[in-house]
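Just so it is clear, A, B, C and D label the chains in written order, and each chain counts residues from 1 on its own.
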């Protein structure tokens, strides 16, 4: 059948003389693309556009085809998060009435992830935490019923939103503790300057039902933890400036804080450090922690990684050191890993590129250079 | 006296032990800079920020000190013009309610040129001509009483504004002719597809009093003129794609159109062409025309200049060809010249830099690289 | 003369008006050996095939293939486009990225397709309603005219009449053969 | 002991706590020969002198002078600044560009001035109300702390409480000597 068709095509060509005299190209239809079925290898890359900071955007990028699939506007200093069912992207941001100046409107916009159209918004009080780039500024409850948005005015609090009815339900004072680390259906933890976690439990109406402070589990003076919490199935992992790993279990009513362990050996301590923007990622099923590491001293905690270290979360052993320098992609400021069985590691670099690696072997697969000014926050559905 | 003071200082140093033990630096005052007295060598450089197009801005840059003096927000596809007395910058632009999307608000904003603060605005109908970059989108009457703003919806018209009272006075249909080339106290000319100029005369209230069409003075099919009119003391100079120079005198009630002359010799014709964005500038007192020229064919009219040609407007002789290639600044897409006796030529390049030349000799003085994404419209007060 | 031969001769004659005999013969040889079947596919399928290849964005196509690559500014349909190529932004050479809207107003141009040596009328539309894409900036200006000839101009924001009028990227849509 | 000697000894002792004897002696020698009078000027005058020089922006200062150049990220006062240097945007190391407003809230840090070997308390303020300047991006983080220690953090937009809260650029203002 295949052969027959081929013969018919060839005959057709001969009959009409040649390719050039074949039927002219048909008129094309004006269309708008819809997205194909979502892949575990898609990433949502937040470009903060730092030199044009009112024009941040999220780029949807396919780690297999290396195609740009679409874009979501993100305004000024956005927080970006996907809904637990992956159907929606929420963007908490600020718009000014006159582009770069004028009255400030803070808003959470909801974008449908199949059409990339804005399907609604919730206007906030002008308190949205304007951080750059954005970590745990915005989060969803595990059932998707609540959205939490971090406020800093500089007083710290958070808003509880109802994404279904597009309303603000409440504002909860966090007594100086910041960010919204969601856990379960109705709990939000914030990081405190005292080295503790504040956990607020909400009632069904999204109002405060209870609050609890954890024990002190880190020292903000001698070895602060990065605020960039890495989510796990049971809570979050925090890294300290000196390379300690703090695992926090938030499945119970009271946080369970595991004893910290160190990524760096005694000889490396104080020399090799984690650093960057989105400086670590975890593959849940493999139990692997990927960290941007560099050699530096005090004050170097935002330096991108010259290496990516792969740590085993169970054994606490270092499985690999992947050097970046020879790849000429620049220091790595952001890492993210897909959660499937053939995982990809995405690395946002100081050279404004995103590199795609095999997350099992560290083999470089692709370097994508058209990802805007500052592709330093990468979400993976 | 000087010697005595020096000795006293030295003694003081010895007395207090050393430089390090001298008086510590005093506390500094929190201040906002005000601009020094304006210089003829200041330029207002419009950066269209093409990859972040809602975030265009105007940079005030000093061609002597090479300092950045300040910035004016300019929104999306702006028209920018200085008032005749140089005290005000007017910006006609579009803002969206949600940064990159949402309801469109078109507005002319007025910025005080000594403080660079916005001192008022006029909201327009959502018709402002969104062109990129902006030429003759916005202009002032010679006495500063009227501001004209070009509308394209795609129907063509223009608005007459009262900058004193911050109101829209009228909208005048231009029957398909576009842009606002101001002349005198109350006349506006627009370019027509027929190869003519339409000139509308306004009454004291800013309404149409009369209109007149010029003779056909160019052929839009065989040799169109660039829309980028270069102002002169008596009207405008237009260049054609093939290098013809059309001078139009608008001082009288009826346009006086001079016979065109050619910048290119017979051997060069069709090979050497003008091209770029702001492709020509005139020094009035010297009677010199500076033009971005390149070697190319049909369709190359937006290519930047590999050379800048200096033409004598009286004799029509070419005074100089200044090659750009060896300077490594990229093709020149925009030129502007200061109007003083020691004039500077400013050249915006495709490499996102602005080069400063001695406009008399062509000697390169400086290359400024921090001028945003697309510094291709340069205003000189 | 055999019917098939007559047909062949007729079409080869019209072809000869547009190309040299030598290149025609060479191409015919390739057809007969089956070696250039791929380029005979409608250009759109070629583009999809390229886009699906895992390193299409990384491996820039060789110079001679630029006019066949919808992610390349030299693609034949883009002969007077000015802006960001939608094919690098989640759309294709003739479709808008998800979540944007095509401008209802537009301008019409003519581009020559070197693959079939025909001139096509194309419509340059902008895709609207999101902030600028920023990928694959492309500025070509064959037969483009200044703003006073609006229907041949690419300096204006063709999203101007959309309800959401921000410019995102540009497409070039085949309308049909250009007038002979 | 002569009174002048006593004074000298006292101040040299306190100095010795912060620097090595060898560098102290070397600097003293330069003072006695008059060769480093210029650095004794208040740092602000040095910056103005450099800014007035016609090619200050072009001729990047040599590496060793970076800590004295307010248009350089290595300038001593910028030890934990994150953003665009206002001195490249129409302001100075401690003043905002025309038309912007200084943030009333801010964070306080400590920087070491190598010119006088003293530690100064500085206030990192943002200048607000215009779109990002984009010149002289600078990110240094000495003693900077994460967002939960807000008063030592440079990731947050300190323009947040301004009526016009867009971020334009950053300054570092000397408040006085740091606590000994």
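Convention: contacts are C-beta pairs under 8 Å (C-beta built on N, C-alpha and C of every residue); 3 or more make two chains touch, one makes a residue touch a chain.
Being a predicted model, the structure only gives us computed values, none of them experimental.
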| item | value |
| --- | --- |
| Contact-richer chain pair [B-C vs A-C] | A-C |
| From chain C, the most remote chain by mean C-alpha position | D |
| Chain C and chain D: spacing of chain centres that average the CA atoms, whole Å | 55 |
| Whole-Å separation of chain centres (CA-atom averages), chain A against chain C | 36 |
| For chain A paired with chain B, centre-to-centre distance based on mean C-alpha positions, whole Å | 42 |
| Where chain C touches two or more other chains at once, by residue number | 130-132, 134 |
| Overlap residues in chain A, where contacts from two or more other chains coincide | 51-52, 54-55, 57, 73, 76, 99-102, 118, 372 |
| Pairs of chains in contact (touch as defined earlier), listed by label | A-B, A-C, A-D, B-C, B-D |
| Touching residues (chain side chain B, partner chain C) in the complex | 50-54, 76-77, 94, 96, 99-102, 104, 126, 129-132, 152-154, 156, 176-179, 190-193, 220, 224-227, 298-302 |
| Interface residues, chain A side, partner chain B - complex | 49, 51-52, 54-55, 57, 73-76, 93, 95, 97-102, 105, 107, 109, 118, 121, 372 |
| Residue ranges of chain B in contact with chain D within the complex | 6, 9-10, 13-22, 24-35, 55, 57, 60, 64-73, 111, 114-118, 366-368, 370, 372 |
| Footprint of chain A on chain C - complex, ascending | 4, 7-8, 10-12, 14-15, 18-19, 24, 27-28, 31, 34, 36-37, 39-40, 42-44, 51-52, 54-58, 88-92, 94-102, 113, 115-118, 120, 123, 125, 127, 130-136, 168, 173-177 |
| Of all residues in chain C, those that touch chain B in their complex | 79-80, 105, 129-132, 134, 137, 139-150, 155-157, 160-161, 164-167 |
